[in-house]
Every structure is written in structure tokens, then in C-alpha cells.
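Look at the two complexes coming up: chain A is in both, with chain B in one and chain C in the other.
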Partner chain A sequence: METTDFSRRDFLKSAAAMGGGSLLLSAFPWLQTFSKENQKEVIGEKAKIAIIGTGSRGMYHIQNILRVIPQAEIVALCDVYQPHLDQAAALCPKAKTYTDYRELLLSPEVEGVLIASPLHTHASLTIAGLNAGKHVFCEKSMARTLDDCKAMYDTYKQSGKVLYIGQQRLFDPKYIKAFEMVHNGSIGEVVGIRNYWFRNNDWRRPVSDPSLERHINWRLYKEYSGGLMTELATHQLQLGTWALKALPDFISGFGDIIFWKDGREVYDSVNVMYHYPNGVHMSFESTISNKFFGMGEQILGHKGTIELSKGKYYMEEPKPAPGIQQLINQIEHKVFDNVSFAGPSWVPETASESKGEYIVEKTKTHDGASSTGAVGDGSEELVAAFCHSVITGKPIPSLVEEAYYSSVLALLGIKAMEERVVMPFPDAYKIPYLNHSNV
Partner chain B sequence: MKREAFSTYYASSGLLHGCLSSVMGTQLDALILGRTKEELQLIWEAIGKEVERLDRMLNRFDPESEVSLLNRTAGQRPVFLQEELWSILWECKKYYERTFGLFDITLGKFSQLVFEEKEHSLFFADKEIQLDLGGYGKGYALFRFHALLLENQIRHALINFGNSSVLAVGTHVYGDCWPVGISDPVSQETLGTVRLKDNSLSVSGNSPRNPAHIKNPHTGVYYEGRNLVSVCAPSAVDAEVLSTALLIADKEQCTSLLSAFHIDDYTIYNL
Partner chain C sequence: MRDILLTVKRQRTEIVIFIVCFLVAFGLNLYSIVAFGTEWKELYTQLLWVLCLSVLFYGIVLFLRLLYWGIQKILHKK
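Right after this comes the complex of A and B.
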């Protein structure tokens, strides 16, 4: 597991270097937050942020903000579970503490709200936050139900406020560079997308009292959680949207409880297939009783393969030795010139297609085992971008649409598994984006 | 080791680029012009087959190669060699003599090799001997490719074997030679350019990924400097043998070597 440090400054530099010009921005409009002009706007300002939900994920965000996001100040904290509230208060002694989010939202000091509470509360908290005139960052998935996702989206559109959903891969330089490669044809035509996420644990957190079981282990109960689909798949399903610039037309799959038969209600083994209008398939496979294959996000092109989880790409055919391609190009262009390639014997190392090449240098990868969040997975950049948006008040294009579909695809996957049908993408949940724009 | 061979045909220039990603420890790229696409593909296939055949014969890192078998057995008893391998090793003996022992496939124990000419057998009087054809194999391969290309009436071709061994058949299609630049492996700057035409180039020296790998058989010392030697000669094997020999030769030996071989061009880059 690579853990070379990749500070936010480096990210800004590489985002700019990656041609932060129009081509990149058109593919990833949410990156405009890092443009020089936008950066200038926020120098010296601090966004006043409240954290609602200070459990494991909330604490992760608090630590990031305190450590690397100077343009944010945590002014309020809220959680219904006192031990979690206390641990957050210990890190942010100046922040006001609340056990009722409605009171927090009345505070004029709060400009932006970061929601890291359980999934089934996302919709009500986000809608309340937007309606209270706050900018909102809501952790993934967007919401527990399809109707909730739609309601959040509609409220966001009406509110004129900024909404971010915690899809950190949107800011991961690896993903940005990978999709640049996909769209400039480096790996040829996309012919398949494979996502998988394997773990071997029961996903339980320690519970001090049985009465807290459903509260602490909310991920295991249908009322609160979509299980593997909403907790894991939503991160990966957006690959299809990015790679194919399209949304699926059919969804089908199977879900079962095969191993952890401990009273949970969500599947511990799922397999969902997303079909796209051009015939390409995207899969999502997850079982939590075997971790050998870890996490995978693979884009298959007819000329090459990108394996995002490893941060590498592999060409189907080997590259010519350096200089030879140049010579070929010269001959093609009827140019006669010397090409420098001779020297002491060249030992191909990473050029060997079996070892692959790194998508970006100094890349951070993780094996998906952590259930709170890995270092360097884009979370810092995402929250930093949110804080920036809180200061400027400007929403980021496409961000919400991307997150919406990521969550909706996961929820439709659950629906398809429960009904055991081949399900066409329901019109009711289409919003104006990509191939759904004419709806 | 997984080998991938492929070729791309560029219709507008009638050029075939063949590439074999891993053979004899490095990559082989071939640019061939002047016949139909199908004909060029067949020629490239023949080149690919030939180099793999040679690799299976000479590669001491492949336990199944003929040289590996020789290395395992000739210390115990004389090994009878097939025609081609005998000729190759006999030629290495000639080169050993002509380079005053600077080119030595035993790296210092050549006198302990017992060649039996009538029976074409070889015995290692010193059991510790391990033959290393690293400084010869690519040159021999280029020699074989040259023959193949000429047989097939190819007038313009450039074969790059791992950057250090280059064969030029004829000239660049738009000029009077194949101009090839030699790069400093550390700084990447171009140190010099050779103008190849119906001859071969060999470059020897150390590089960051392959430091101190050339041993002086007389002293047993590995050359650790940063000098590079480039040699252009009509014979690819000569070029190959000489580029290494000149790197470790002293002044006197250099002078003798240069007069003993037909060389088109050579340069010693003092870095």
C-alpha cells in the first residue's frame, strides 16, 4: 500500500499541470474550484462549519479539517450519542455542542454544515440544512431511498445553496488522470467496467448495551442502510458514468445473506450488473466473507486497462522503445532527422506490460479494507473544496448530478436484487444529466 | 517471462514496426520498409522466431537453454555441440585471441576451455566456469537478421535491440543514412550522432539501472566509470565485441584493437 505523502499543494499543482485547461474542466467541471482565479477569492477567509454526526466518519473529517484545511473553522458540533459528541468536543474546544440539529441550524454563525450521520438521516438533515439557508456537505450515499434522493436534489435546485455529496474520488488525482486517459483514447474504446469490493469481517462495531444495537450497527438494518450497495458500491458506480458519459438503461442482480447469518437484514453478498445503451456492462460484486481480492475498479479498453485501485494502467500491446516511436512519426511525416535512442543496454522495467505503469506519480492507493477512510483518497480535497464553496457561495457544476446518480444506481441495484428482475431505469428518478437530459 | 510480439503497419509510409517486448533480457524493435504489408509481416514473424530460437540457445538465465545445459555439464565431461553453437563458441575463441583476452565469455578462465575440433565438443577443465554470451548474443542476432532481410530484398530497415545494438540496412527512406543519436543514460542529453548505412552500432557502458556489469577478464575488476563507447562496423558481432573491449582496454590495447578490426567509426565518450 503506497503511502507517499501527497499534500493539497501538490494536488493543486498537478491539477493545474494536468492541463487544468478547458479540456479537463469540461470533463470534470467540479475541478474549477482549484483554478487560480477561484483560489484567489478565498485567501484569508474562513468558512464556518458545523459537523452533524461525530462518529467515525465525522471524526475523520474533523481531523482533516484541523490538520490541513486552514480555510475552515469548526464552530458547532452535533450528535445524539453523547460519547461521540464528547470525543469531537475534545478536539474542538471552541465549538458549540448540540444534541438537536434543529437548534444548530438556527445559529446564524454556521455557514456550512457537514453531515456525517447515518444514511437514513441524510435526506431530512440535508433538506433542513438547505432550507435553513446553509450550504451542505452530506456524506455518501446521498440518501436511503430513491424518493429521498430525488427530494434532496429538488430542494438543492430550488435553494440556490451549495450542496456537496461525499464522493471523494471526484477529487482524487488518480481518477482525474485516468479519465483523461479514457477520454483521449489512450486505452481505446471502453468495452467493460468491473467493480468489486471484498472484505472479511462482520462489519459490526462494538456495542456497549444491546439497546444500542440498531443505533451503532445501523449499517446492518434495512431501515437505515442499503448495505453493501449504499456503503460501498456508491463509490465505484460513478466510474461507469465517467467512463461512458452515460447512464445505464437496465439493471439486474442477485443479493443474499450467505455467511453472516446473525440477524442482519442487509445482504452480505451482492452481484449487480448495469447495462448501458451502447451494450457495455458494468458490474459490481461484493462479498464480506473473503478479502483476497480486496477492492477493484477496472476500466477495460480495447487497447489497454486501467486499474484504479492499484493506480496503474496496462497496455494490451507493449510500447516501442523510447525514440522508436519518434522515428516512426518522422518517417510518417517524411521527415529525415536523427533520433537519440542508442545507449547502454536498456532494461525495460515498468514498461513491461505485466507490471504496468502508474497513472500518476507518487500515487496513493489503498486496499479498501478501512471502514472509516483511507489516507489520501480524495476526502481532504473534497472537504477543502466544500469549504471553499462555502466562502464563495458558488455551487459546483455536475457534482450533485454525479453524486445523485451514484446513489440512485446503488439503490436501483438493491431494488433489482429484491425484485429479481431485469429493471429498466425508471423515468421517475431521471434528472436532466447526460443521456437523461431530454427527460 | 511473458513475451508479447506484435506489429503495426503504417500504410501511408509502407512501414512495419515490429516489437518483441522481452527477449535476451531486453526489447527488440524493428522498422522494416519496402514490401507489401503481408510480406513485411511474414518477415517480422521470421525475425521474431529467429531471435527466440537464439535466445533459447544462448540465454544463460534460462535453465533450459543449450548454454545453461553446457554450463551444468561441461565441467564433468565434454559436451558435444550442434553445428551452430559450436561455430558460435569457436568464433568467440577467435575473438578472445584477437582482443588479447579482453573479450572473454568465461570472464577470465578462457584457457581452461578445451575445444575438441574433430568431435565439436567442449570441456571445462575448470569446473567453476560459466559461459556468458551476453556481450555477443545481440550482435549475432543482428547478423542473422541482416541475412534474413537481405534474402527478402529489404533495402531499408532499422533494428534496435535494447538501444545498445542497432542494425541498419540501407538508409532512412528520406535520407542518405540512418542517423542515430547516442544519449547519456543519466542526463539524457545527446552525446553524438552516428550515420549508419549497411552497418551496425554497438554502445557499451554503465547506466543507473545497470551499473558495473562489465568485467575486465585480466584484472577481475568491474568497470565502474561513466564512459560510453560506441562502435560502428560492417559486422554486428565485431561491433558488439569491440564496444565492450574498448571500454576496458588500456591505451595500448585500444590502439591495437582499432587496427585489428574493420571499424567504420568509434567514439569513446569520457563522462
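Right after this comes the complex of A and C.
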């Protein structure tokens, strides 16, 4: 069972060394930007990028672009909140600043637009950007509503432009290698997927004036955000479509405000189940009043388990210790163990204590605590790939489709929780991907 | 306290004893590979364990020899 052998540091080098016909690129077509042929196309070129939304996530991207993405130049910045715009302009003194995105989109200098604004603006900004002839990178989730997601997807398909959605796990080397293991049967048949994300904070940002509450803390209000589902779950729900190459047929769940009763409208505790046609379940659980278990993504196979958050995999039957160590253990037990004439009639099935193996050497992991972005989570590679695509102008296969379904699954989870029903996956939101035709 | 002289004969004897201990430890490694069905590459990957066992066996043999010499000395004095 072959898998590609690369550490994170060698990720770009290794991916660039692969030709278009490799197994890796056929399984993960969005990585083709790193192929040798495509890398040659961008030598000496720079993508002229505008950033719309220069809050925390926008600043994270600006810092990454300035630090590690030489094939990009930030030529414009836009934000309706002047303090955010000022802090971004301080980092990019040569960039033109705007408070109205429509004026920015008129600029012929701008080739690509990176949207890091609040969720409820994603659809209108992306559609406007694509219609203005720009390539667009839109942060996740795709949009606030199911209809908006569909409208974005349809506009993208008609525009012929590049669209990326901020699903950085698609570019994280340990996820790439993990899914190679899933698809080549290393962990056997997938029998379950468990996602969880626990934090212990109120998710609030300081507000200088009460009138700015809904503007700054937009994640807490239903008009602007789906809360835990759109801000956290979308990252993890894509694992289901990625691993199983299928859509769930039914969704159910419960959501409540159990602890942070401070006037917010979104749930602070959610538990959603996605049922797949083959009977496999994928779960997502999140509570933001207890952080003991942190963040986790677990793919359960009948031969092994992959824990993506820890960057490790564990086989159900781990490799035995070397023979000489087993012999020494055997002799030691024979000499030193007490003889007992009655043992326990029942032994608890405690969790395996196997230490597992790393999916990728020198892997970087994070506990999901950062609300702006973690180091080594694929974000740099994702934005670098976008800048590359802006230069070549070539849309990337499967990327938008994976992100679309991830966002739709999150939004359907919210609907199931609000209506307290077992909901079938609506045909109206299926797109031509994963063997589904347009309905 | 007096000076201890390690003759060439004594050195050769100790080296031979250590080699025998190493061969016994190596033999145990070989036996364990067969008995537990593990990989043949453990013949060289587990050499550190073999070395540790060799030192242990040498120590045990040395203890027994010292014991034997000690008893012999006591009996001769009598």
C-alpha cells in the first residue's frame, strides 16, 4: 500500500516534482498548482491581489502573503471599519485603500480578490467579484444561506474565473497523506467519522462602542453567522465527503444556548449527526464552555484509526515488539509475577494505549484554540495556490465542489437543529459532483 | 592496596568469555525471532539489546567466578 512520503517542509517540493499523471494529482486535483509544469508558468510573475475585509482573518492572510508568498502583491485593501483598514494599510503602504468594494472591483489593476469579511457578505462580494471579471478567494464558510451557496457556485461555473474557498485542510500535507491512507485501504473500511471542537471562551471581541456590537461580534447573531456550524464545523465536515466520496442522506441534531446566555442568538452547544447511505455516521459536537478535549477529527476504519488533529494513525493490531524484547518480557513475568488463584471476572474495555505513528514526519498540529488561524494548517499553501491560479487563470477542479458541500452540510445541520427533525439531504442543493447530476 | 597486573593471558581469557556471552545473547535474539515470528532484520536492528544482554551475562559469569575464587581461597587457608 503505497503512500507519498513527504514531510511538511518538503510538501511543495514533493508536489512540484510530480507530473500531471501521478496518482496524487488524480486523487487530489486541487494540488495541480504545485506540479512542475504549472510552477514553470508563474516564474517571474506576480498576482495583483486585493483584500476585502481586513479584520483578524484578513490580517492573518496579509501577514502570510507578505512573509512567505512572493508571487503575490497586495495592490488594494477594503474595509468599512476604518481602524481595521488603517492597521492593514500600515502593513501595505503601497496598496490603495477603499471603503466601498464596488469601487475596488472597478480597478483594472486588481486581478484577484481575497474576501475575509463577515459570513453574510460572502455571497454578494464573491458574485460581484466574479461578475467583474476578477478571480476570487472567499473565506469559509461559502455563504450564510443554502441559496447563497448555490448562487455562488452557479456564478462561478458560468464565469470561467478561478474561485477558491478557505478550506485549508485540502492543502495540509497530513490531511493529504491521511486521505491517501483512507483511499488505499490502509485503515480498512471506514466505519465512522467523529469530529469535535471544544473551547472555553465567550467568542466575543472587545467593542469600543455598543453600537458596534453586531458589527464586531457578528459570529454571535443569526443574521450574520451560523455560529459554531459555519465558523468551525465546515472545516471538519468536509472530511465526510472527502473520505466517503458520498453525501449523507439524512441529518439530525440538537443545538442550545446552555452557558453563554449573554444575548447571543447562535447556539453555544451543538451536536449533529450525518447519516450516509452505507450506514456510516459522521458526527460533529461542539461546546464552548469546556475545552478539555480540544479539537479532534477521527476517521475510524476496521483496521485502524486516523486522528488528524494529532497527526497520527493507530492500527487495530499494532506491530508487535521485537522478538528479543518479547522474550525478556516473558522471562520477567515468569520470574516476578505473583501467582494469583482468582483473577477478575470482568476486565473493562479501556481505550488503546498505543502511541501510534505520525502520518507525516515533523508534522505541525494545533489544538483549534486560535480564532484567527494556526501555524502550519494549510492556509499558506492555500493562498499560495490561489495566487498561482490568479496568474495562470485556470480554474481548479473539485476544490469549489468540496468546499460547497462542506458549507451546505453545515447549513443543513443548523436547519436540522432548528426544526428538530431528521432531515433528508435536499435534491435542490446537489451539484454535479460525487456522482450526482444537477437536479 | 596493591597494583593489579592484567597479564596478556588474563586479557585474552576475559575477551573470550565476553565473546561467548555475546554469542549466547545473539543466539537468544535468533531464537526469539523464530519463536515470535518477527522480522529477520532484527538480527542487526536489535544489536543494542544483544550487547546489553552480553554485558549482563558477562557480569553474572564474573560474579560466579569471583564467588568460586573466594570459596577456593577460604578453603585453601583452612
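Annotations
In this section, the second predicted complex is superposed on the first by the 384 of 439 C-alpha atoms of A that agree within 3 Å, B and C clash if a C-alpha of one lies under 4 Å from a C-alpha of the other, contacts with A are read in each partner's own complex, and residues count from 1 in each chain.
The criterion applied here is as follows: a residue touches a chain if its C-beta (ideal position, glycine included) is under 8 Å from a C-beta of that chain, and two chains touch if they have at least 3 such contacts.
None of the values given here were measured: they were computed from a predicted structure.
Judged by the touch definition given at the top, the superposed model places A:336 against chain B, while chain C stays out of reach. Chain A is touched at more residues by one of its partners, and among chain B and chain C that partner is B.
By the touch criterion stated above, A:327 is placed in contact with chain B and with chain C alike. After overlaying the two complexes on the shared chain, residue contacts for A:209 are found with neither chain B nor chain C. By the touch criterion defined above, A:318 lies against chain B but remains apart from chain C after alignment on the C-alpha atoms of chain A. Counting contacts by the rule stated earlier, residues 320, 323-324, 327-328 of chain A appear in both its interface with chain B and its interface with chain C.
Of all the residues in chain B, the ones that touch chain A in their complex are 2, 4, 6, 10, 12-13, 15, 17, 19, 21-22, 25-27, 29, 31, 33, 158, 160, 162-166, 172-175, 179-185, 190, 193-194, 201, 203-207, 209-210, 228, 230.
Only residues 320, 322-328 of chain A touch chain C when the two sit together in their complex.
Listed in rising order, the residues of chain C touching chain A in the complex are 28-29, 31-38, 42, 45-46, 49-50, 53. Per the touch definition, chain A reaches chain B in the complex via residues 317-318, 320-321, 323-324, 327-328, 331-332, 334-349, 351-354.
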